[in-house]
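For reference, chains read A, B, C and D in written order, and residue numbers begin at 1 within each chain.
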Amino acid sequence: MAIYQRRVEFAETDAAGMVHFSMFFRYMEEAEHAVWRSAGMDIYANHEERSWPRISASFDFKAPLRFQDEFEVRTAIAAVTRSTIRWQHTLRRGDTIIGSGTITAVYVSKSAGGGMKSTAIPPEIISRLQAAASAA
Amino acid sequence: MAIYQRRVEFAETDAAGMVHFSMFFRYMEEAEHAVWRSAGMDIYANHEERSWPRISASFDFKAPLRFQDEFEVRTAIAAVTRSTIRWQHTLRRGDTIIGSGTITAVYVSKSAGGGMKSTAIPPEIISRLQAAASAA
Amino acid sequence: MAIYQRRVEFAETDAAGMVHFSMFFRYMEEAEHAVWRSAGMDIYANHEERSWPRISASFDFKAPLRFQDEFEVRTAIAAVTRSTIRWQHTLRRGDTIIGSGTITAVYVSKSAGGGMKSTAIPPEIISRLQAAASAA
Amino acid sequence: MAIYQRRVEFAETDAAGMVHFSMFFRYMEEAEHAVWRSAGMDIYANHEERSWPRISASFDFKAPLRFQDEFEVRTAIAAVTRSTIRWQHTLRRGDTIIGSGTITAVYVSKSAGGGMKSTAIPPEIISRLQAAASAA
């Protein structure tokens, strides 16, 4: 399980005094991108031709995060299909579970006109991501 | 079904040339708050004592939005419990379905120390929101 | 002087209970883009080859904006050079001046490698923007 | 001169393929808050009664930042008055200067009704911030 560490910045809070709920989707994406980097890959490489748009995302909120809280995102790969990866993330502040969620990304090839078509994920990408996501 | 109209602003896009996926959660929340206003209520009233934190959120992405696209959010109440409301939102750009999602909010009372406890939603709030959300 | 109207959304606030100061730069940009549209032009047209990056931005804050406040941005063109436009914006909530600022954008041509070179603004663009920005 | 290190996250980019200009104001604020922490203080302490709203902010953009770029913010205190601190920030990616800017914050006391009144900054706060901002 990969671990990504982060501190809450002020602009991420809202007038309820806690992190705005939409930010948790950004934290999950940051953690995913960190797994790509720890796997020695760049999710944005060759982005004119290949890309990883998100097709679904969900989060269950258990406890709030507040300004300057330090927390971690624990990330694993929950499922893989021919062209999708479903990432599973759990956020913790110390022993407190903040919440957990999933993001499913699809591997697409892009045409010149802006079209996107799902395409098979190369096995090496999967194996490298799985190795990085299951590292201690 | 309430309808909220919006245009994509530049800061909402990302380097893939489309709206960042986290923004859709903000669009859904904006649409919910518009329903509150059309019901003649303010979700933020008395916010020191009562509040509506989100306990779960999900979105399924079908087609991208791009800078300056005009779109609408169609909002309905999908479920009500003693202390929660589940909002259902569908985004469209013309006849194209951009995606759909849900946000569940819980009604809480806040203690001086920052604690939050779920509490029964007053029936009048439910009836006014349902009337506003089902208006043409 | 062009006028752009807006309401404060919840995600734009911070834990001080007011709009985060970085948002004012987004509001100014939104107002500028609205002038482009009212001039019948699209600042993002041909964006692979031409673009309008910002080279300086400033804002002086006089009074806070809070969630759901309705405000307006009054926009004018303060200065034009061969390749830059300096936009001047003042935000008001009713009779209260919220603050004012400037954004200077430069017209650039982009090379395939990602380089950017300032280039002369076509006179028609200037005249159309000036007409739109000085409309009642 | 204090140094704050950061990586560009995907949600911070825009459809021009670079970091949105408004983000630089957030990066500057993050760097300022890091100075507070390295001085052993919390800018948000006692925030119900005392606060540090921003009264002016400016930035000059020299070169773009892109997704996953690693950069640093070098922060110094440019000026101090009875109730204000003007922070000076320069962003660099390696040897490339990305830009520089200032943020002026005012120390205020808050009244129960939401009013804010500038107030004298305690000398110890100034001396501790200056020590932290001038550390190697």
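Just so it is clear, a residue touches a chain if its C-beta (ideal position, glycine included) is under 8 Å from a C-beta of that chain, and two chains touch if they have at least 3 such contacts.
Computed from a predicted model, the values in this text were never measured in an experiment.
Enquirer: Among the chain pairs B-C, A-C or A-B, which one reproduces the interface of B-D, with more than half of its contact pairs identical by residue number?
Expert: A-C
Enquirer: Looking only at C-beta pairs that count as contacts, which pair of chains has more of them, C-D or A-D?
Expert: By number of C-beta pairs in contact, C-D is the larger.
Enquirer: Could you put a whole-Å number on the gap between the CA centroids of chain A and chain C?
Expert: Centre separation, chain A to chain C: 32 Å.
Enquirer: How many angstrom between the C-alpha centroids of chain D and chain A?
Expert: Computed from C-alpha means, the inter-chain centre distance equals 28 Å.
Enquirer: With centres defined as the mean C-alpha position, give me the chain C-chain D separation in Å.
Expert: Those two chain centres are 23 Å apart.
Enquirer: Among the residues of chain D, which are close enough to touch at least two other chains?
Expert: Residues 10-11, 15, 17-18, 22, 26, 29, 44, 67 of chain D each touch two or more of the other chains.
Enquirer: Give every residue of chain D touching chain C within the complex, in rising order.
Expert: Within the complex, chain D contacts chain C at residues 15-18, 21-23, 25-26, 29, 44, 47, 51, 53-61, 64, 114.
Enquirer: Taking the touch rule as given, give the residues of chain D at its contact with chain B in the complex, in rising order.
Expert: Chain D residues touching chain B: 10-11, 13-15, 17-18, 20, 22, 66-67.
Enquirer: For the complex, which residues does chain A have touching chain D?
Expert: 9-11, 26, 29-30, 33, 37, 42, 44, 67-68
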